[in-house]
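Read through the structures below before going on.
Two complexes, one shared chain (chain A), two partners (chain B, chain C).
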Partner chain A sequence: MEHIDLSLVDWSRAQFALTAMYHWVFVPLTLGLSFIIAFMESIYVKTGDEKWKKTTRFWMKLFGINFAIGVATGIILEFEFGTNWSNYSWFVGDIFGAPLAIEGIMAFFMESTFIAVMFFGWDKVSKKFHLTATWLTAIGANISALWILVANAWMQNPVGMQFNPDTARMEMVNFWDVLYSPSAISKFIHTTTSGFVLAAVFVIGISSWFLLKKRHQLMAKRSMLVSSVFGIIASITLIVSGDSSARDIAKYQPVKFAAMEALYEGKTQAPLVAIGLIGKLNYDSITKDTKDDFLIKIEIPNMLSYLAFMDPNAFVPGIKDLVLGNEDYNILSVIEKIKRGYVAQQSLKLYKETEKTDKVLHEALKAKFTDSQWLNTYFRYFGYGSYYDDDSKIMESNAFKVVPPVSLTFYAFHLMVILGGHFLLLFLIVLYLVVINRIEKYKIVLYTALWTIPLVYIASQSGWIVAEVGRQPWVIQDLMTTMNAVSKIDSSSVIITFILFAVLFTGLLIAELGIMIKQIKIGPKDGGH
Partner chain B sequence: MFETLSHLALQQYWWLLVSLLGALLVFLMFVQGGQTLIYTIGKSEVERAMLVNTLGRKWEFTFTTLVTFGGAFFASFPLFYSTSFGGAYWVWMIILFAFVIQAVSYEFRSRPNNLFGSKTYEIFLFVNGLIGTILIGVAVATFFTGANFYINEMNQSHWATSLHGLEALLNLHNLTLGLTIFFLARVLGLLYFINSIDDDVLYDRSVKHLFYNAIPFVVLFLIFVVWLLLRDGFAVNNETMMVYMEPFKYWHNLLSMPIVFISLFVGVIGVLYGIVVALIRKSTNGIWFSGIGTVLTVLSLFLLAGFNNTSFYPSYADMQSSLTIENSSSSKFTLTVMSYVSLLIPFVVGYIYYAWRAINKRKIDRDEMESKEIHIY
Partner chain C sequence: MKFMRNIGKRIYNFYAEGFRTLSPYAKTLWLIILLKLFVMFFILKIFFFRDTYKNRFDGEKEISEHVINQITNTK
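Presenting the complex of A and B:
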């Protein structure tokens, strides 16, 4: 393995995390609020009630402020695959590029064309056309999410491709396998509905503030009604898709699954940790003596086995089973995977070396890359080969490098799940109180709703931490490590761009919050319209 | 239907599409050009508001085209994407920063409590117009002048200098194209002001500055093109796929592809005609002639770079690492899938045209800036 500067990898990861997390501050609100606005405008067009129009336009204004900064933070991500993950972008470009291009052609233009009609068309186009534009903006925004999530799901569970030794990359052989991979479907549903929930909480929280201040009360209650219904439907879908996402992870990324539960020793009839506090945060490398270290935990018996395999008695492998292997359950050790991956990597290297020197061997090696048995035995562990070392002691400690940061993954997962339950409960209470028209009497509910706004952002970010931290060290599961994906630039360049992004995005976020809060205080009457 | 095409035909089809996107991007950079003229043309608050708002209704098209251009390049020629973006790191990063600050500026500029003040967001727009145009021009010029990279047998790339792309700014020929694009964008921006704003004062100033900007544009463009046709180019041997230097390569390409020759010629005439009718005939439609002319001209330049056994991203560090549309493209299968998706393009163009017309039906004027009915930047 070629020497790679560790600080380069770390800074590149830090930069990607920074920019992706900033982008994700704004995207979920766009995904959900676009639909809430479309519902509101539909009611306006249907009833002709000007107050609904005013309500629509108030939320649309907040949508616009949020959208602009979402676009600003988004362009970076598209190009960052190339600028900072150059080797990765070649390795997967044949698969990843197609969804990205489709996203550009199908979704971005739809979104940006109709958003202009939505904002500037009120007195220029017919009511119906305007409403159509609002809906198309919402649909465009959500289709934008589809393709990038398909690409992300592919990295977690690569399907529909074949390795081409001549070009040294993955090549797509079945588009539908990529698009309809179970991971892609649950990821798309789970992610977009999380945006819907976030937007519903956002609208309900701000409406609660209006009610607490006794301002714009009709608008506030109407907005709460629309959003709580939307929120309930979205929450239920969110929970169902989260459940199927978890099963996909148990199946395709078992180490991530074990880390989500901080499960070191595999168990049959495994209980689910509902709430837990880990004693020592495991940032140091794990060894075969590491044990779980819960100070407190409340468990639900058999639940984890059921969650993972729909069978309360099933065996759920722990981190140590997965790293050290477990013959009883037919789990290959990581050392074995490293050795096999190394064979695959060496075969590729030899294939390249013999291209001009030894035609016979070259052809024989080429045949391996189409032999499904060889691919299944060796090539599927290709990425593990990067951990190979002639010194078996080093290799043994390397084996534990396939485990992601356990505490972070565990906490992010549990925070997300607990908060998800809280949101559903809040929507149900709000809907009930709005329907019986007594919501303004329950200040505690209004305050809770207001303070749930920051919580929903935390839950949303946690979801991505589970997905992206939990799959480390892989950038493509089992095939390419994050370390091998990075662009070979000097780490000082990355440090500088990291700082520039951090300063710029933080400044813009503060500006955005200032503008947003000001517009909320101004309320639906005026403020630039 | 696309399955029957050869891999090479698909590569050519996608080079054509990427080129077309690049050409549309340069035309749509009238937004960037206009942004550098807000204070030159707008002398009062309301005048500047009209300028910002007329550009503000279009900036997203430019932005989206840039994003799609990048996405399409990644999808169809991933080796270019991984080599250039990962290697010429600083050039692309600076371009990206220039577009990040643009994206918030329209929405935030006139909002109360916007932290940095309107002036800052106007400066952001200016910076975007200045740096965005010049650096994109410089980056595209390296398609002809070459870049500084190596590619290994695993198709992984290494940049040969720690300047990481900034070295392209030291090349005079690259800079000529950068500045050409800058002045072209300003010319187009002025033509767009003339077309979309109904205001005598702004009209007069725009016409005056059109003249001032057209002169450097024409001079720089001529220098760039004549220099291009005279210089040695990176040619590819059809049989061995070896890259070698060929004198007058781009001139030869022009002669071997008469359609490109015609397109370039018509394009240049179109750009000039648009400027002339706006200056002399007081026409407000100059943007359409110059716009279509720009698209044809830029398209032709891209085709000169990629077609006729030419390396479109040559390496002067290691000539055999140079990228061609054949050695840098996606697999035949992926290009076929994407080609089906490309059938949606006419539909996309159709609704953009429809929405554009709906919004531009009425020109921007002073009254509209006071209106409460629409979203004002």
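Presenting the complex of A and C:
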């Protein structure tokens, strides 16, 4: 792969990471706050208490600001797919196109109808009709997120498709396999509930600020009550879905799983590193001599084995087992996968070359692409073929390129988990103090809640770092490397658009923060939308 | 037919009145939305993201040949 400009790949990745991460600054609050608002409005409709209406309208205003600034930021990712990731876009074909089309249509109808009723419909439509629109906005926003998450899950665990060697595209053969793959279900639940937790922290943090300022105290306490209950339910769901997501990763992306724990040597009764500090923070190539380099670590015995395979005695393969192979546990070496992937790649190449020259061979090769045994033996390792080299030494070194950046994946994963625990604890404490009506007395809790707002965004971004950095070098697990996915365009144009996006999104973020802080300081007022 | 016309008029009035009574911060938000969409679709898309395979190649056959060449070359 020497012909590929590495700076192009790096800049394309940086650009996509920048836009995706900025997009994800706006989305989770929309997902979670929409439900919190719906719960608040439900209480208003049930009790007829105008103060609940005022509370609902205040949080709806903040929801509106976040929604307006964030809306359509995801479209930029689609621009990038077309221009910067053309090989990938072509290769995935319908798999990505269909879910994204559904998302686009749903988002359009949802945004132009239900949200309009939410903001314009107060006092114009009946209470119940308005409440229905609020609930549909919340449900619609989350279902809208389903499709992009299904597409992302497919990239982590490609199922329900068949490769067409004539078009070089993946074709969906079973929509339900794509939609209901274990990875898709875990990813959808885990990602949306992370948005719920983020929104709950957001509401509790801002409510804490009001209590610290001794303003709108009833609204603040009521908001805390709704959000802490919502946050606790969401956190528990987040933990359960995270647990099932970890098992999916252990099964379908074992190298990512090993990197999440910086586990180089496989172990039975493997412990989980609860807290750890890795000694060397560099991303130099890993070799067969690389060893664990923890300066300190606190472990929970057997927990990793249980987490991965629901068995405290199970063997969890380490990075070296997965790269070098381990016959005892039936783990194929990466070198073998590279050779098989190379066979698949050469078969495809030959298939194209013989199209007009050798009909018999052409048809024989075509048959391979529908032969399940051949597909399972060779094609499933298609992407590995890109690391093939006639020189066995180079290929041995290439084998370790299937390992993602270990330190970043490890720290992102652990930061996410530790912060997730902090959020659940905060929700429990806040709920207890609100129920006994003493929350305003505990300033330490109020300040902690306020300063947890940036932490929840860090946790949210960390989750995506684990998902996306952890799966490197794959853009589609085992089938396409990031290097092969990128379009061969001038890297200077990618740098220019990177800078433009950085300016545009930073401007949007500043606008969001400016408008939101101003409206929070103004506080709840009647009217206006 | 008259009923449908009334429904249409009511929907139009609903949106029109909603936009007429926007608060100052909401007007700012709409300005940001319109500006953002303009930058995205009339600057970024047209000047920086035109280079797609559908624009670069004549047909799907050429694209598939190019992609196969790209994803099967190890050197």
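Rule of thumb we're sticking to: the second predicted complex is superposed on the first by the 516 of 529 C-alpha atoms of A that agree within 3 Å, B and C clash if a C-alpha of one lies under 4 Å from a C-alpha of the other, contacts with A are read in each partner's own complex, and residues count from 1 in each chain.
As a working rule, a residue touches a chain if its C-beta (ideal position, glycine included) is under 8 Å from a C-beta of that chain, and two chains touch if they have at least 3 such contacts.
The structure presented is a predicted model; accordingly, all values stated were derived computationally and were not measured.
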Fit or clash - chain C, chain B, common chain A: clash
Between chain B and chain C, more extensive residue contact with chain A: B
Touching partner for A:511 - first (chain B), second (chain C), both, neither: both
Contacts of A:79 with chain B and chain C, given as first, second, both or neither: both
Partner chain in contact with A:333 - chain B first, chain C second, else both or neither: neither
Which of chain B and chain C A:119 touches, first, second, both or neither: both
Which superposed partner A:129 touches (first chain B, second chain C, both, neither): first
First, second, both or neither for A:95, with chain B first and chain C second: first
Which superposed partner A:68 touches (first chain B, second chain C, both, neither): both
Partner chain in contact with A:173 - chain B first, chain C second, else both or neither: first
Contacts of A:109 with chain B and chain C, given as first, second, both or neither: first
Superposed model, chain B segment overlapping chain C, candidates 99-107, 225-233, 261-269 or 297-305: 99-107
Footprint overlap on chain A, comparing chain B with chain C: 61, 64-65, 68-69, 71-73, 75-76, 79, 82-83, 86-87, 89-90, 116, 119-121, 124, 167-169, 348, 352, 487-489, 493, 497, 500, 504, 508, 511, 515, 518-519, 527-529
Footprint of chain B on chain A - complex, ascending: 61, 64-65, 67-69, 71-73, 75-76, 78-79, 81-87, 89-90, 93-98, 100-106, 108-117, 119-125, 129, 133, 164, 167-169, 171-173, 175, 348, 352, 487-490, 493, 497, 500, 504, 507-508, 510-512, 514-515, 517-519, 522, 526-529
Touch list for chain B against partner chain A, complex: 57-58, 60-61, 63-64, 66-68, 70-72, 74-76, 78-79, 81-87, 89-90, 92-93, 96-97, 99-104, 106-108, 110-116, 153-159, 162, 164, 330-331, 333-334, 337-338, 341-342, 344-345, 348, 351-352, 355, 358-359, 361-362, 371-376
Of all residues in chain C, those that touch chain A in their complex: 14-15, 17-18, 21-23, 25-26, 28-30, 32-33, 36-37, 39-40, 44-45, 48-53, 60, 63-65, 67-68, 70-75
Touching residues on chain A, where the partner in the complex is chain C: 1-3, 61, 64-65, 68-69, 71-73, 75-76, 79-80, 82-83, 86-87, 89-91, 116, 119-121, 124, 166-169, 342, 345-346, 348-349, 352, 385-389, 480, 484, 487-489, 493, 496-497, 500, 504, 508, 511, 515, 518-519, 527-529
